[in-house]
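Please read through the structure below; I'll follow up with questions.
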Amino acid sequence: MAEYFDMGKYAFFVWGSYGMVAVCLLVEVLMLRRRRRTILHQLSRMIRIKERESA
Amino acid sequence: MLSVQALACERGDKKLFDNLSFEVEAGHALHVHGPNGAGKTTLLRALCGLVAPAAGRICWDGEDIHDLREDYFRKVSYFGHLNALKDELTGLENVVLGLGLAGHAVEEAAVSEMLARLGVEICQDLPVKVLSQGQKKRVALARIMLAGTPLWILDEPFTALDVHAVDVLSRMIVEHVTNGGMAVLTTHQDVGLDLSQVRHIHLGKRG
Amino acid sequence: MLSVQALACERGDKKLFDNLSFEVEAGHALHVHGPNGAGKTTLLRALCGLVAPAAGRICWDGEDIHDLREDYFRKVSYFGHLNALKDELTGLENVVLGLGLAGHAVEEAAVSEMLARLGVEICQDLPVKVLSQGQKKRVALARIMLAGTPLWILDEPFTALDVHAVDVLSRMIVEHVTNGGMAVLTTHQDVGLDLSQVRHIHLGKRG
Amino acid sequence: MGALRSILVRDLTIAMRRKADVLTVLFFFIIVVSLFPLGIGPEADTLRTIAPGVMWVAALLASMLSLGRLFYNDYMDGTLEQMLIAPQPLGLLVMGKIIAHWLLSGVPLVLITPLLGLQYDLSADALLVLVAALLLGTPILSFLGAIGAALTLGLRGGGALVSLLVLPLYIPVLVFGAGAVDATVSGLGAEAHLALLGAGLLLSLVLAPWATAAALRIAFE
Amino acid sequence: MGALRSILVRDLTIAMRRKADVLTVLFFFIIVVSLFPLGIGPEADTLRTIAPGVMWVAALLASMLSLGRLFYNDYMDGTLEQMLIAPQPLGLLVMGKIIAHWLLSGVPLVLITPLLGLQYDLSADALLVLVAALLLGTPILSFLGAIGAALTLGLRGGGALVSLLVLPLYIPVLVFGAGAVDATVSGLGAEAHLALLGAGLLLSLVLAPWATAAALRIAFE
Amino acid sequence: MSINWFKYSSPASFYPLAGSMIPWFTAAAVLFGLVGLYVSFFVAPLADWQQGQSYKIMFIHVPAAWMSMFIYVVMAFWAIVGMIFKTRLSFMMGSALAPTGAIFAFLGLWTGALWGKPTWGTYWVWDARLTSQLILFFLYIGYIALASAIEDPRRADRATGLLAIVGVVNVPIIYFSVKWWSTLHQGSSINFNPAGADQRALSMTDSMFVAMLLMTFCFWCYTIAVALYRVRCEMVEREKNNDWVQDLVKSGDA
């Protein structure tokens, strides 16, 4: 197993590539989700304020 | 004839006005009133085609100005918050070249005379850079006066002008309109425009 | 107390005024009149130390302002043709940081209140870039009002303001002066400043 | 055509009123070209190898630097909005401005190049090709740059932003321009490179004013 | 000190409001560095020789390009004249602005350099010295640049004029900075060069804010 | 069956449609990814006869490089559609792709560099394909910088659209110019021949080819899912004052 992960001495290069791909895609997804949550948060607050005002 | 139908304008996510309709015929003037931030400047820029309205149509002699483009621009002069003067050039050169860009060839003598009428004859050979606020305004106004277009769109033309200049300018506007021209203008100052054919529009509440 | 002795200013090769002497005491205002290009802006900038006079002295409590420097600047607020606002920052941030630069710490609440008094409470969270001419002016004025300096130097503070704002501002100036402050101002508009202690200076002839 | 002429006259008059502008672009070019020997060392062989590349990069940067002037001043003082509502085709006015820009920023570089080439010990042949390539290439830089300048108009940080947009587009010009000289030096003949530059010039002459005019309209909406 | 802090906070806040500004200087640097191989050719040996010179010239140009922002915006919107009549020592305010400028334009360059060094096939040693030299040298560029920016304030063509004034002043930094790397590569050790850069930094730290303040006052007279 | 495409060009009706498509593409991306990784690591030959196990990088390098080029073309396509039909949605689709495209461009560079070290002995050479990939990355960055520098969304749409179109005209020009440049004076220290890589790609064993294809589909579905997600965020941000957004938020369907 350990030998397999060693990738014939190319572990750094192979896992470095796959790792960076994973990190990039993951970060993109997480940032998108955070962006969406903050918008919806702000929006619902805005709507609540507006409803309170009109009431 | 300028006619506006059901015009609406937005900036950012703020609706400035909507469902605005009016007409300006030859020999008529339109005075746009409203507090700061009401959308007067936005309306005037929309009338020039510089701002795209959110809804509605602006027509010149029945055709949409966005289709007419150059044919409409030939009829309009716009005087905005910016003077459109080149700091390096003298007052005279500014007016001559400014008119040249708009496709009007004028004689220097006519420009000199107009600058004199506006009380800035001594500015004609000074670079605009060194002029005072009011002097710059007057030089910029000379361009509008000489362009010979039927429709003048003037955004607060009286700011920075002294009492005498306000008087001269308002008489020029009156003269233009009574000779069959059109004018759309805004001003916060209480200027006595001696016109019978003037319509008023009030935009927005304060804020 | 501001006192000016035999002041002369030149721009280029033009002598704008000379041998000008006057004093502004606590509880007094000075209204500088004159046609466009007379040198009002130049005079006001000289009083702030932004323009070096050709001759004469400007003193604060008897000492030349060019010797006092920071000690004098602590007493003055200048409101010029430029608003000194950062387009990117909101109205509130602009006032707070602007005052911070001038060494005055203020609470946000006080700023909000002042913006509300000036009728631009809704602008406090908008970037200044999107505001209208008049709204920008008002935000800029809020800074002067909150700085708490005794001497206000105001170059055409009323331009671009609507009728309501002109009224609010002129009452603020009156209040400042009657409370022992000083103000030097220019304006071409006919603003009713309800002050007994106001002195008038007339600069230059038209040109 | 009248529009094109009147805007050319205007821009050149203003430039003559402020000669410093023209001279500074020129001096920027000279200084950048002269900085390299200082940073790299005085070996004649190395210098001769890198000369075409350095000159072209310096020309790119000089042209790009002067893009700031192209529309910004007109934008700030309101002249540009008057142009937008002028009864003349905007594309023509833009063309006039771009030609003025090239006359003021491109031509001086081309003229000074032979002198600078001597610093780098270039042969007469190579110099001739370099000048020809610059003559064909610098107008392309002005045309492409105008698009970038129009797109970033009025945006803060515009100066740096425009370089980000424009430099990648400049790369083919750089490659063919520097390639032309290299080809001459290695005896291959520069015709192909120069022909490609000429084709690029024609293409950008036709398309860029139109794209720039569109970008300007967008900037004002 | 309060003044220094409040202006730093202000400038950084504005920059954070417009992140594009910071990033564009960085990418300008990256692009300029990447342009040279395109002009010069892909030979690794040549590239390795010219690498320090290229990086330093690019850093000079990037720093210079961002000088435009340093005072101009404040000048145009009237904030600068308010600073001049603020009851705080002008030198301190200026110092705050320069530090903000370095944080926003110098530091990012230093951080990205190792990556770019790989493109030019530089050794680890050489890279380390390059980074150290940039760390000492880029603040000098900001300090010297501020003087030039202040002197050209409000002059049309300022962007190009400032480069004319400032680039000659930058030359010693370039020579010692690039020299430090060359010395390491040839095994001589870079201490002397780095020490000189450090001395230059101290000198400019003390003198430049004062000179800049004086230049600003002159610009307003 | 005829679908009224223009109906879906209005944000209010596209929003729920996009919402219902996201889970499918996400699932497809995960599925293709898992199978692709399995084939890459356990089915495909353990090592290439020439490059050893470092060749495993190919399974992400090539799809990432492909995606980065493909996405730029799609962005330009949406920009042209937007300019012609004046639909806001097309512009939004275009700009929603940009960050993902930039990420793939970066990943192409990164994985390529990490592959280059073991195969060529250096992280970077100024080869035509590498250089034009770098420039493509810069084009993406320029696009994003321009988009974020413009506040008014309408202006941002049209300006970035124009830039995408100008850029896509230039990408092939850049590619061929750079290619010609580096073959003209190919450095002696570089013994990598892009044509050789092509041949090897053709002669790849089937399992290698399948793995690469699967990873490409994975990235493809990922891109679509993420772009739709981003477009939905963008819509809500832009139209937060419109009734349909507020109704959605109130009803909790957003």
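Think of it as A, B, C, D, E and F in the order they're written, each chain with its own count starting at 1.
The working rule: contacts are C-beta pairs under 8 Å (C-beta built on N, C-alpha and C of every residue); 3 or more make two chains touch, one makes a residue touch a chain.
Treat the numbers as computed from the prediction; the structure is a model and nothing was measured.
Visitor: Taking touch as defined above, what minimum step count separates chain E and chain F?
Guide: Counted as steps through touching chains, the separation is 1.
Visitor: Which chains sit in contact with both members of the pair chain D and chain E?
Guide: F
Visitor: Walk from chain B over to chain E along touching chains and report the minimum step count.
Guide: Shortest path length, in steps: 2.
Visitor: Two chains share more C-beta contact pairs than any other pair here; which two are they?
Guide: Ranked by C-beta contact count, first place goes to D-E.
Visitor: Centre-to-centre on C-alpha atoms, which chain is most distant from chain E?
Guide: B
Visitor: When the centre of a chain is set as the mean of its C-alpha atoms, what distance in Å lies between chain A and chain E?
Guide: Centres of chain A and chain E (C-alpha means) sit 35 Å apart.
Visitor: Can you check how far apart chain B and chain C are, centre to centre, with Cα atoms defining each centre and the answer in Å?
Guide: The answer is 29 Å.
Visitor: So, what's the distance in Å between the C-alpha centres of chain B and chain A?
Guide: Here chain A and chain B have centroids separated by 52 Å.
Visitor: For chain C versus chain F, what separation do you get between their C-alpha means, in angstrom?
Guide: Result: the chain centres lie 56 Å from each other.
Visitor: Among the residues of chain F, which ones contact at least 2 other chains?
Guide: Residues 138, 141-142, 145, 149, 152, 154, 178, 181, 185, 240.
Visitor: So which stretches of chain D touch two or more other chains?
Guide: 18, 73, 155-157, 161, 164, 167-168, 171, 175, 182, 221
Visitor: Which parts of chain C, given as residue numbers and ranges, touch two or more other chains?
Guide: 81, 87-88, 127
Visitor: Can you check the complex and tell me which residues of chain F touch chain D?
Guide: 135, 138-139, 141-142, 145-146, 149-150, 152, 154-155, 158-159, 162-163, 166-167, 170, 173-174, 177-178, 180-181, 184-185
Visitor: For chain B, which residues are in contact with chain C within the complex?
Guide: 11-12, 34-38, 41, 81, 119-120, 122-123, 126, 130-135, 137-138, 156, 159-166, 188-190, 206-207
Visitor: Spell out the residues on chain E that touch chain C in their complex, using ranges where they run on.
Guide: Residues in contact with chain C: 2-3, 6-7, 9-10, 13-14, 17-18, 73, 76-79, 81-89, 93, 220-221.
Visitor: Could you pull out which chain B residues touch chain D in their complex?
Guide: 48-52, 70-71, 73-74, 76, 78, 80-89, 93, 97-98, 100-103, 127
Visitor: Which stretch or stretches of chain D touch chain F in the complex?
Guide: For chain D paired with chain F, touching residues are 147, 151-152, 155-158, 161, 164-165, 167-169, 171-172, 175-176, 179, 182-183, 186, 196, 200, 211, 214-215, 218-219, 221.
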